[in-house]
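Two complexes come next, and they have one chain in common, subunit A, joined by subunit B in the first and subunit C in the second.
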Partner chain A sequence: MSERGTGSGQPAPRRYPLPEEEIAARVRALESLLIEKGLLSSDAIDRVVSAYERDIGPLLGARVVARAWVDPEFRQRLLADATAACRELGIGGLQGEHMVCVENTPTVHNVVVCTLCSCYPWPVLGLPPNWYKSPAYRARIVIEPRRVLREDFGLDIPDSVEIRVWDSSAETRYFVLPERPPGTEGWTEEELASLVTREALIGVARVTVPEAARR
Partner chain B sequence: MFRKGWHPSLLPGLAILTAAPGRCLYLGDLAGPLRKGRTMNGIHDLGGMHGLGPVVREENEPVFHADWERAVFAMMLYTMGKRLYNAAEFRHGIERMPPAHYLTARYYERWLHSLERNLVEKGIVSREELEERARQFLEDPAKPLPRREDPEFTAFLLQLVREGGQRSARLETPPRFQVGDRVRARNLHPPGHTRLARYVRGRQGTVAHVYDPWTFPDTHAHGQGRNPQYVYCVRFEARELWGESAEPNQAVYFDLWESYLEPAEGPTAPEREEKG
Partner chain C sequence: MGEAGVERVIANMEGAAALPRRNGELVFESPWESRAFGIAVALYQEGVVDDWEEFRRRLIEEIGHWEGQQGADQASWSYYERWLAALERLLVERGLLSAEEIEARARECRREDAHGH
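Now for the complex of A and B:
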């Protein structure tokens, strides 16, 4: 099937997915036009990208979790007002203007999604991975969370544990305070933070202690 | 909208899809008209859909996969920082993508689509100059980009990244609903952008949290003002949403602007079953 021209006077049909070269060319076209019009600067592209590639990511959320595990008063403040509690650690910003932290317990497991687009707490988690933004995750996690967690993430949540799915449909950005794994008594905050993954902060994994780190 | 043989179980990315001539064209198709106006009940509203396959994860996924993704991300922040359009308009730009394109697009390709559409609709770039320039870069991918520095605005953007942009509003009136109130998401199908997902429409739940008033996206996406309203986090039992096929012991918490809600009376689906 040809890309252009049907001979009927109708516009040509499109084939999807679009070739990546075409997308890259369109992006450079827009970039060059905006720069010429004074509506984009090269230094801004570099600096903003660098902030999210180097500085703002799930390591920050891991620090918040570790602090909550070792400091019960901080944990209380985090669950009451996550935005303010994160600010205490110098963590906050775009797409985290109003954050809520939901706590996993032996009877409740929380998991976060945005079914309508890709809302995500950037200041504690950075930019979301592709799977979080994928149609499959967004469609399924609200209707069959137990199955998705088991089959797609290898996380078995027994029926006795309530699953709460948080669909970030407005301005609140949710993240999960996972359960502290057993066998980590006496660990430092830094050691604890090294165990906390992005997946645990979204609620699709538990925090576990790797074999090598067990004492 | 689609040719015969299209089936959602083939998605995403497995099938090469073809939109029918004259309808639902990608912006790149200069030859054809854009799908104009507003889209309601769009493909983006995915909650509860079946047939989209497994969740595919990438090991050690990078933040960006290519330079063009970096550029799209930065262009969005920059142009929104310049207030050329707002977040609701940006989302609505994505929601108006042809469904076949939406489902097969790379993530930042959706952003590119909305960037182009918003910048063209606001008259900031013309469709013609964009297409002409895109043709040049397709023919010569090594063609250098112009450089421009703007340290002052770059500093402003970095401050925005660190400190955030959006702020909740204040209203003189008190919230209509309180924690514990039984509410129903109204069965609305508004023409245009909305954050009222299909899977909660008409369903009953209980108010779990009352949040500050925030800009109402349904009007803000269409140049009709911010009109802030209180936002409620509502707990919906899975049985209420999904009926008999619901998994056991599950609930969904969904945030809803006040005008999406009405008071509810009577029991929810799980309560009816307990009594019956």
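Now for the complex of A and C:
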């Protein structure tokens, strides 16, 4: 069994406990029954799906990080109460009620997991990627974070840097305030936000400046 | 849930729309995953189920069942299949749907599939 491929490779082929056609039929059955009984409308489901597919994603978290990089007072508020600070930017909602932002520094690297299921700050990160939900990541990142970051994500954290693993739950959902990359002095907030990836917000990548964008 | 619902979040998205997405991965691997997701969240957004924790607790239990079963390995792991199991249980245990009608309708949907709909 391979636990690799969480970084950039193709998703591993998998079989479902039930045949996939069977699962898909069950989902359609639920939807049609709920609509018939007037409990839900197709529109309500469509709205949720399109919101999460198109509109709610890590770009919101990227906006939060960029603001924190350019506005030290916002950064203080973010680290003190992430839910309130995100609300200032109009960002909030389901699964974002108790968010905590943890700051990377030259001596501390933070990484986020949910060992219990897959708690995740939806409003700032969208839906979790598959690797975040995988039993392998959830189990291993707690036990050997330095090794998982290196082997699965190609992120080398020197031994001199402390790694802190944050276990999300219904009570508290964490995201990472990554370090601002060098060479971005004078960049606008929007330009900075374009550098911030979902992986950096979870703590499995650094924020870097692509070659083409260097000045 | 707080005062900021999904709709409000979307309403606040206008200015950010110009930002490039840094998200190469598809959110959903197949349409049924997105529908299963949408149904659970919509139940909550529409107030049919008032506490999201009711779903989340069952999702944790269903994931726990998978992890506890003999021979559980990566190949049989499907997050959204666990999600669906939790959703079915929520609907039945809250008395919104019966297990029998779910089974019956699922069989009908399968028959439609077989006829190429």
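In this text, the second predicted complex is superposed on the first by the 197 of 215 C-alpha atoms of A that agree within 3 Å, B and C clash if a C-alpha of one lies under 4 Å from a C-alpha of the other, contacts with A are read in each partner's own complex, and residues count from 1 in each chain.
Throughout what follows, contacts are C-beta pairs under 8 Å (C-beta built on N, C-alpha and C of every residue); 3 or more make two chains touch, one makes a residue touch a chain.
Small disclaimer: the values here were computed from a predicted structure and weren't measured.
The superposed arrangement places subunit B and subunit C in clashing positions on subunit A. Of the two partner chains placed by the overlay, only subunit B lies in contact with A:Val161; subunit C stays clear of it.
Touch criterion met: A:Tyr137 reaches subunit B, while subunit C stays clear of it. Touch counts on subunit A: comparing subunit C and subunit B, the chain ahead is B.
In the superposition on chain A, A:Phe153 makes contact with subunit B only, not with subunit C.
When both complexes are overlaid on chain A, the residue A:Ala212 reaches neither subunit B nor subunit C. By the document's definition of touching, of the two partners only subunit C reaches A:Ala62; subunit B does not.
In the superposition on chain A, contact of A:Glu53 is made with both subunit B and subunit C. With both structures placed on the common chain, the touch criterion links A:Ser194 to subunit C but leaves subunit B unconnected. Shared contact residues of subunit A, touching subunit B in one structure and subunit C in the other: 1, 11-12, 14-18, 20-34, 37, 39-40, 44-45, 47-49, 51-53, 56-57, 92-97, 116-118, 123, 126-127, 129-130, 133-136, 170. Within the complex formed with subunit A, the residues of subunit C that make contact are 1-13, 16, 18-23, 25, 27-32, 34-39, 41-46, 48, 52-53, 56, 59-60, 63, 66-67, 72-79, 81, 84, 87-88, 91, 96-97, 101-102, 105-106, 108-110, 113. Contact residues of subunit B toward subunit A in the complex are 11-13, 16-22, 25-26, 28-29, 31-33, 44-50, 52-58, 61, 63-64, 66-68, 70-75, 77-79, 82, 84, 91, 94, 98, 100-101, 103-107, 109, 112, 115-116, 119, 124-125, 129-130, 133-138, 141, 143, 145-151, 153-154, 157-158, 160-168, 195, 197, 199, 209, 211-212, 214, 231, 233, 241-242, 245-257. By the touch criterion given at the top, residues 1-3, 11-12, 14-18, 20-34, 37, 39-40, 44-49, 51-53, 55-60, 62-63, 83, 87, 89-97, 116-118, 123, 126-127, 129-130, 133-136, 170, 190, 193-194, 196-198 of subunit A touch subunit C in their complex. Per the touch definition, subunit A reaches subunit B in the complex via residues 1, 4, 6, 8, 10-18, 20-45, 47-49, 51-53, 56-57, 92-98, 100, 115-118, 123, 126-127, 129-131, 133-140, 142-148, 151-153, 159-172.
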